[in-house]
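Okay, got some structures for you below.
The two complexes that follow have subunit A in common; it is paired with subunit B in the first and with subunit C in the second.
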Partner chain A sequence: MIRDVEVLVIGGGPAGLCAAQAAAGAGAHVLILERDDVPGGQLVKQTHKFFGSERQYAGDRGIFIGQMLVEEMTNHPNVEIMTDTTVLGIYEDGVVTALKDEQHLKFRPKKIIVATGAAEKFLTFPNNDLPGIYGAGAVQTLMNVGGVKPADKVIMVGAGNIGLIVSYQMLQAGVDVVCVVEAAPNIGGFLVHASKLRRAGVPICTGWTVKEAYGDGKLEGVVLCRLDEKWQPIEGTEIKVACDTLCLAVGLTPLAELCWQAGCHMEFIRELSGHVPVTDENLMTSVEGIYAAGDVSGIEEASSAMVEGRLAGYAVAVSLGYDVERAQKEVEAARAELVELRSGPMGGKIRAGLAKVAEKRGGASC
Partner chain B sequence: MLIKDGIPTKEDLAAVLPSEERLAKGPVAITECFQNIACNPCVAACPQHAISMEPDINATPKVDPDKCIGCRLCVKACPGLAIFVVDMSRPEDKALVTIPFEFLPVPQKGQLVCGLNRAGEEQGWFKVTQAVSGGKKNMTWMLTLEVPKELAMEVRNIKVGGYRDGE
Partner chain C sequence: MANNADKDTILCRCEDITREMILECIAEGYQTIDEIKRVTRAGMGPCQGRTCRLLIAQELSRAYHVPMEEVLMSTFRPPTKPLTMGALADAWLSEYDGDAAISGRAIDGKEGGNGE
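So, the complex of A and B:
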């Protein structure tokens, strides 16, 4: 049996929840499919206060923003959330298939908003398969969702926001954070996060990387080395550092498989951290009725993901004829918010990436 | 250098420190926020409208030292934990420094804590004169420490745990 759905949101993270909030708020009926057993996406483990402005709930902790959005969507008469549900494919006849409780489900949505987020990148070095080497996301889940202290003595690789934030959260959990190593010559994350760690006594070592890991059956330590300006290891700079855990926070890449499979026009955009669907100013992909919002269309902060979700949700409402005048105003407000969030020096990369997307599309940049 | 190791330089700090005259008058907020990021909760948090951000949300905050009364609401509001309040107005040789704090255990008023500077180096043991919770939702504590005046621009954190009962 194929179930008819008005708006299908794939992914119940910050972008998906805000898309549902917008579309349902305008009057559309929304079904959110979430792979995890709880909705909220990465918000469920973001114990730090968010940046941005009031409109993106700045100053609130991510976990509370997630709880608020989930509660609002759970109680919304126009919204249904199905958890433990993995979307398998989007087919050319518009049918979306999903797996839940060993059941193969089929949906026929009028509009689809893909908000599948991102996956962590990994790093290649000898013995990187030793137990004790984790992605930062896994460590954060163990710690902030599972309540498990993930390590006794950890080295963090990556001084982007995730590496800095997860290091700080490990300190809060009582873990000895030996250092943060960053291959780039400069700290990539917010400097206030870096300063917070540094004044807690954690050194941040820019221009360093992991050469190899060692240990008998489990991680016992790593060899770190300095890098030159061409990112090549400098011989003779190797130092052995003991640790039971190595945490990798070396970037994210969009989880865009469903967009590929749906036949969306895809492009590799380095500044957006991978292959992304080419979207228009309403965040619609090249396939009519399929939208993409959040990290799936380019890696950015959660605050931007929430605004993108809102933009896509209202754009869908407009196209379905719900509360058109107000929804259109909200679309424009969301666009203006994104421009503002991306207008600073930290937004340079995303602006360059979006300009390339616009070029590929042959239109103006969002 | 801040962008290499997370430690603001003297030059970075010089740009945000209030004048000695203003410091001597009473508590005032110091925003150790040096990077243009899209963030502005401190502006909304200030009941005196003493914090501004021009031309937009990507600018760094500017405190008007004449309007600021050192109420500390910005200390708990700042997502980057980058705002401190320093009070140099007391007649004796002690200053009061208020820092944001997000660790357990939280020291109690009257206890002695080991103060750390911006590089995490120990600066001595100082009395906690106030420990105020930011509330259930905010969850950032504001700790006020009594430090020698010459360390008022150095102490910016404390070592977690090992607190001693004050005399």
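So, the complex of A and C:
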């Protein structure tokens, strides 16, 4: 049996929830499919406060923003959330298949909003499979969702926002954070997060990387080394540092496999951290009726993901003829908010990436 | 190209494929992620290449002096994660429930022609 769905949102994280909120708010019927057993995406473990403006819930902690959105969507008469449901495929005829409780389900949506988020990148060095080497996301889940102290003595790799925030949260959990290692010459994350770590006495070593890990059956330490300006290891700078955990926060990459499957025009955009679907100003991909919002269309902060979700949700409402006048105004408001969020020096990379996307779109359509 | 360190460096965690094995494939002339997948199983485990795909692309980019933008990606097909044959069979049976001829045939395997 194929179930007809008006708007199918794939992924119940910040982008997906805000997309559902917008589309359902305008009158559309929305089904959210969420892989995890609880909706909320990465918000469920984000105990830090958000930036941005009031409309993006600035000053609130991610976890509370998530709870508020989930509660609102759970109680919304036009919204249904199916958890523990992994989307398996988007087929040429528009049918979407999913797996829930070992059951193979089929849906035929009028519109699809892909909000599948991102996956963590991994690093290659000898013995990178020793137990004790984690992605920062896993450490954050253990700590903030599971209530488990993830390490006694940790080295963090990556001084982007995730690396900085998770390091600070580990300090709060009583973990000895030896140092944060960053291959780039500069700290990538917000300085407000970096400053908190520095005030607590944690060194942030820019221009350093992990050369190898060592240990008998489990991680016992790592060899760090300095990098030259061409990112090559400088011989003779190796130092051995003991630790029981190495936490990798070396970036995210868009989880866009469903867009690939659906035949969307995809491009590798360095500034957006991987292959992304080429979208238009309504966040619609090159495939009619399939939209992409949040990290899946380029890695950014959760605030931008929420606004993108809202944009896509209202754009879908307009295309379905719901509350068109107001929804169209909301689409334009969301676009303006995104411009504001991406202004300033921290948004430079995103702006460059999006300019490339616009260029690719132009090239493809003529 | 490969050295001792590459023996201990994992690129595909699900299938335990080392950097050394990937570099050997490249030395033998394999040029795409899909080719390397077919000979090594890299990317065929539970995560379906989510971790190793870009790492292998980087190795190809480096070896063939092709920018990442131009490295040919693998083909993406459903399902995005492994599922049991049972789940598919249950879906098929429930869809054709009531059509005894079809479901009966499928279960008996009479149409199978397995050389009896």
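Please note the rule applied: the second predicted complex is superposed on the first by the 362 of 366 C-alpha atoms of A that agree within 3 Å, B and C clash if a C-alpha of one lies under 4 Å from a C-alpha of the other, contacts with A are read in each partner's own complex, and residues count from 1 in each chain.
We adopt the following convention: a contact is a pair of C-beta atoms (placed from the backbone, for glycine too) under 8 Å apart; a residue touches a chain by one contact, two chains touch by 3 or more.
Please read all numbers here as calculations on a predicted model, not as lab measurements.
When the two structures are aligned on the shared chain, A:Q67 is found in touch with neither subunit B nor subunit C. In the superposition on chain A, A:E102 contacts subunit C only, with no contact to subunit B.
Of the two partner chains placed by the overlay, only subunit C lies in contact with A:F125; subunit B stays clear of it.
Look at A:Q172: by the touch rule set out above, it reaches subunit B but stays clear of subunit C.
Looking at the shared chain after the overlay, A:N186 reaches subunit B, while subunit C stays out of its contact range. Applying the stated contact rule after C-alpha superposition, one finds that A:S303 touches subunit B and leaves subunit C untouched.
In the superposition on chain A, A:L258 contacts subunit C only, with no contact to subunit B.
Of the residues of subunit A, not a single one touches subunit B in one of the two structures and subunit C in the other.
In the complex of the two chains, the subunit C residues touching subunit A come out as 5-11, 13, 16, 19, 48, 50-52, 54-55, 68-69, 71, 73, 76-81, 83-84, 86-88, 90-91, 94-95. Considering their complex, residues 48-54, 58-61, 64, 171-172, 185-187, 190-204, 206, 303, 340-347 of subunit A touch subunit B.
For subunit B in complex with subunit A, the residues that touch the partner chain are 2-8, 32-41, 44-45, 56-58, 77-82, 102-104, 116-121, 137-140, 156-157, 160. Residues 1, 86-91, 97, 99, 102-106, 119-122, 124-129, 212, 253, 255, 257-258, 260-261, 266-268, 270, 274-275 of subunit A are the ones that touch subunit C when the two sit in their complex.
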